[in-house]
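In the part that follows, the structures are each spelled out as structure tokens.
Below, chain A partners chain B and then partners chain C, in two separate complexes.
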Partner chain A sequence: MSTQSPDSFVIDGKLALPYQYFAGRTGSRFLTSIRDEKKIKGLKCEKCNKVFVPPRQTCERCFEDISENWVELENAGTVTGFTIIRYEEPHQPFKPPYILAQIKLDGADTSLTHIVKGVALSQMKTGIRVQAKFAKNSTSTIMDIDHFRPIKPKFELGYSYDELEIGMSASFTKTITESDVYQFAGISGDFNPMHLNEEFAKMTPFGTRIAHGALPQSLIAPVLGMKLPGLGTVIPEITVRFRKPTYFGDTVTATAEVVEFIEARRWVKLELTWTNQRDELVAEGHAIAIPPTPMG
Partner chain B sequence: MSRRVAVCATAQIKNEPDIWYQRFQGMLFDCFESIVSQTGVTFDMEKGIRNVVTCSDDVFDARTISDNGLTDVVGAHFRGEEKTAQDGINGIGYAMASILSGHDDIILLIGHCKESQPESRHMCTNLAFDPFYCRPLGLDFLNASAFQARAYMEKSGITEEHLARVVVRSRQMAAKNPYARKNKMVTEQEVMKSPMLSDPIRELHAYPLTDWAAGMLLCCEERAHEFTDNPVFVTGFGSCMDSYFLGDRDLTDNFALKKAASRAYQMAGVQNPKDAFDMVELNDSYAYQLPMWAEGAGLVEEGEGRRWIENGGMEANHVNTSGGMLNGNPVMLGGLARALEAVHQLRGEAGDRQVEGAKKALAHGTTGPAGQHHAVLILEK
Partner chain C sequence: MGYKKKNRHVGIVGVGETKFSSHREDVNQAEMIHEAVRQALDDANLTMDDVDCVVHGNMELFEMIHQPDLWHTLGSGAYGKDAFRLTTGGTTGGTLACAGDNLAASGMYDVVMAIGFEKLQEGHTTGGITNMADPLWARKLQSGALTDSAAVKLIEEFGAERARRAAMTYRIIMDKHACLNPNSHRAFGLDWDQMDDLMENSPPLIGDLRLIHMCSQSDGACVVIYASEEKAKQITDTPVWVRDHITVHREETLDLCNNYYPTDTTHRFAAEKLYERNGITNPLEYFDVFEMYDPSAWWGTDWLKEFFLLEDDDHLKLVENKEIMIDGKMPINPSGGVIAANPIGATALVRVAEAAKQIRGNAGPHQIQKPVNHALASAFGGTMWTVLTMLEKELNW
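Up next is the complex of A and B:
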């Protein structure tokens, strides 16, 4: 705004004209369908095989009248571009910062501009999948779509081959109790007295009962299947070499570390170690993992 | 082509952040008087100016039919007056059409814009969008350009470092241009640390708020000698409008600029734009646009904008010796400013920034969000 000068007035003005913009038949149908049916619709040019949104009566390429060729779009789509608004201006719908994005709805060939919420500004990326969230109170405008939010997958899959790196590691720790050993005997059918009968166990080289070797070994399963690579992983091979017995009450930590990429098959090799609370190596080995591939 | 169009004179005031001391009418009148005194042109209905082309914007002036507020000071009463509400470079195309068609011999072209007077220039450009699907979301020329900047940077590999070089150079060039907005010199580090406005556009990547007015006298080749000993000729002009909705466009394909350029090149007989011009002025409202428009105008191969900056292409092509739009011209006049600089260069009147022996120049203008409309002008000595 101008500075007041000693010999010049500045008259404040405001170009404001109450006005009713006529949305037209085509625009009205688009807006009422969002408001009343919560459906975003596009218009298809059959000749150009192109679906447009926002709606228009005529295809700009071939001038065909397309005003009756409504197609229902998915209320979900892919972000094709975005910016984070950080400057503040009166014409903005919210106080910045917020994400303004170009969203290509499934079934459309053009992008619609709208707000994206529910994703950290620093994590916003082109290509994410988003879904329309409709406003609680209608204003009969495009803002009846309140915003778009990222579509959260039903399951958070583990690391894909491309996301894994050499040196990544994960572990799981558990105290092995007498009751664990009894249950494992039942599960495996291995009622060997060295695990269950203290008097028999006294005669063994260990001098007391020890856990089944496969019991601490099994602690690697939650690591590989739920942490690294994580959900969706398939393990075609595990090798183990047992180094120390596990006594009742021992706390065992199973650790996996990515050591090698098997590029030809897009598999990875992990080094496995089992240690106890005395920092003794209980067992060691390796696993081959087929990391999860993104679904859909 | 039977006739050629000559630029006989240009006039401008200095680009400033806030011309609070003068109405736009006064700004225009200064340009008008300068042109009259340079050329001796009259408003004689037989021999003088019978048609004036003005360039202004209703929203920036907050009055409808914005040209109504200025016709008296540019001598437009009692004769033809046409307003262009696009970048003023299109007024040159309009003047060319009037003259080549034989409708008029002489056209006065004059334009203004004061970005300092509205509360916010982005509120003004928000009104360029449709009121149903885009305006409520706060779209304006800055955030529309941010979509384009991100897409172009991803596609071309242009980084913050490249943009910083564009900005620093713009200010260095502008320091040699007496009409350029006086800006602080900045370092590449300062550019890369300047506040983010609309990612990835930072404050120093955006042209600063500016007030300005400029004019030009154009006439048919046969009569140019009446007004100047040093005419410059318009030998090519082309323009093209891309789709209205941003989402209909591929924001990185330079569709409209390629079309505009090829039309201008065809008219001017330009075979290879890479080495056809002694200097080039591109309408870079935002830093990323300089390499992008250079690609679109065919000055470099598509996708080579990054290497063009790295290998000193901006210097080799003598691009934006004026400092460019990036140093500060108001919206609506970015392309007209480019044309004025090209005329200065071809007339050998560019002072410390003169490109020696410049004979052929390209000036480019753009209107609308993220380069929706482009115009390309070829000028020759």
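Up next is the complex of A and C:
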């Protein structure tokens, strides 16, 4: 007894609730095929044309015995609903937060409740495709499916046309060194002395060596090809107008910003700017981008 | 008493019972229930579409599960139907029988399916029962479901030797009946030459209550289908009519100023009222069979006195003269009774189902050979609950 209040006892109690549950032959067969064959099976009612997972001995609609009509299902399915568990309780399988989802396996008519991992909580949504990941060690329970994970494409891709928005921008910054200029001369074959010969360069309007214009310009390639739209993008057009030279040691930032959708072709137009560490506009222009489309 | 005559007659048109056993690993709860549901539907030649209402019952917390009726739908067939859950302790099966009768009699439903089940092997009965006790005054003091109060009472009244011998006679008779019933959980094949050995050597539980006297913990389900008079006559040529039922309950801990059994037992009180309002003056003569909820041989022996309103040692004589055997003057539990199988939430409904089968004449190997026209079934639960159900072959009262 505790005495939180001076004149009223409160009895603290705790009752254990030990139990067993007999899975039965039908439930056991479902678990056995997951454990031994890594296959999820359902029971089909031919009369109602429904496949039930988890399996049940009788069809809930027509009450027929369907206990022998096993069908093999895909280990993949679609999330039909989900919730994010954020409070902590001792009976939970993991420490929250985690995602509990209803997953309709391909070939089934009912949803199976299970854990989804491998997706950011903020990005979780109904309709995503997930795949069963089986547990390393069997417990002969439904946790022999350890969890479900989103089915990811073989290769990562950048933003698709539908994912892009006006105003999205990305940039890449690099310091241009003498070494970069020498290598670029080799790559391009442009050994113009204004890039390579300091004494010659003193006689030019710039008074010292400058980088090839295409060198800072090329810094937009990692932006478009790896960031925005990103991996898988094709660029059919880039236009550039050069505004300032780039001297050795200058730090150049190349920036792209989505400004227009070309709806007819599902392409986008991006505005391009190059600036240096003195906030001078080095160059400006635009690009037409064909954003990546899902492969395979 | 708020008793009123029924709105319309109700008949039992189908019964189903699983085999009772200590373990049913091969089926889960819903599947086990389904076995009895399927049997009862087949027995009545009905489909689930013909059933208007499903009443489900078991002991609270005995399987340590919450709202079992909801997920048992897969086996019970309650999908899309009106449904109720009852949980009145040991009497659950008896209350299910009352509900089946009342719901069909009310006019709300023409066909009502009553389902009682228990899978005691899955749960922890003491854990469940412990929840019943008053947390402040009783929870730390109770012993569980076992008591030897009936043994104390019989020994005080008739002496140890006679009382012990009567209880063991009762026990052996019940085992002989259980051996006839293919659904029995426990049927040992006991015989009279084992009396002295069992009285001496069966492991003691509490006082004079020994293991052999006590009922088992069983898994199993029972289903009884009730129908209105009109429907019942359409469904079957052999409906068994529910004449009346009565429920009496007293919470013993509210009456601690008296000694145990302070006034009449709920059994005697229920029996008196039931017979009185149905004009039965000599129940021992009237009834052809009695399916009693007898949790132990001691209780079974003692309670005969209460249910048949006997005096002195008449109940002991019934036992000693083996008049309670299947071929005796007053057959008690041709099924073997509760000591043979006790799937608690189903147990009292099994009494009604067995009584109905005896009236129909198709109980199987444990069918009473003489005609059975009037049957009585009882239910018992803690702390003192009694439910009595009267069944009739003819609709002529």
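FYI, the second predicted complex is superposed on the first by the 196 of 296 C-alpha atoms of A that agree within 3 Å, B and C clash if a C-alpha of one lies under 4 Å from a C-alpha of the other, contacts with A are read in each partner's own complex, and residues count from 1 in each chain.
As a working rule, a contact is a pair of C-beta atoms (placed from the backbone, for glycine too) under 8 Å apart; a residue touches a chain by one contact, two chains touch by 3 or more.
Since this is a predicted model, take the numbers as computed values, not measurements.
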What's your read, chain B or chain C touching more residues of chain A?
B
Partner chain(s) touched by A:23 [first = chain B, second = chain C, both, neither]:
both
Determine, under the contact definition given at the top, whether A:126 touches first (chain B), second (chain C), both, or neither.
first
Could you say whether A:15 touches chain B, chain C, both of them, or neither, answering first, second, both or neither?
both
Output check: A:134 vs chain B and chain C. Expected answer is one of first, second, both, neither. What do you get?
neither
Per the contact definition in the header, classify A:60: touching chain B only (first), chain C only (second), both, or neither.
both
Touch test for A:248: chain B only (first), chain C only (second), both, or neither?
neither
Looking at A:81 after the superposition, I want to know if it touches chain B, chain C, both of them or none. Which is it: first, second, both, neither?
first
Footprint overlap on chain A, comparing chain B with chain C
13, 15, 21, 23, 27, 60
Which of the residues in chain A come into contact with chain B in the complex?
1-3, 5, 8, 10, 13, 15, 21, 23, 27, 31, 52-54, 60, 81-87, 89-93, 100, 102, 104, 110-115, 126, 141-143
Residue ranges of chain A in contact with chain C within the complex
11, 13, 15-27, 56-58, 60-61, 63
Flag every residue of chain C that touches chain A in the complex, lowest number first.
23-32, 34, 47-48, 61, 63-65, 73-75, 77, 79, 119, 121-124, 127, 130-131, 135-136, 139
List of chain B residues in touch with chain A within their complex:
18, 20-21, 59, 62-63, 116-117, 119-120, 122-123, 126, 130-140, 142-143, 146-147, 150-151, 154, 195-201, 243, 245-248, 251
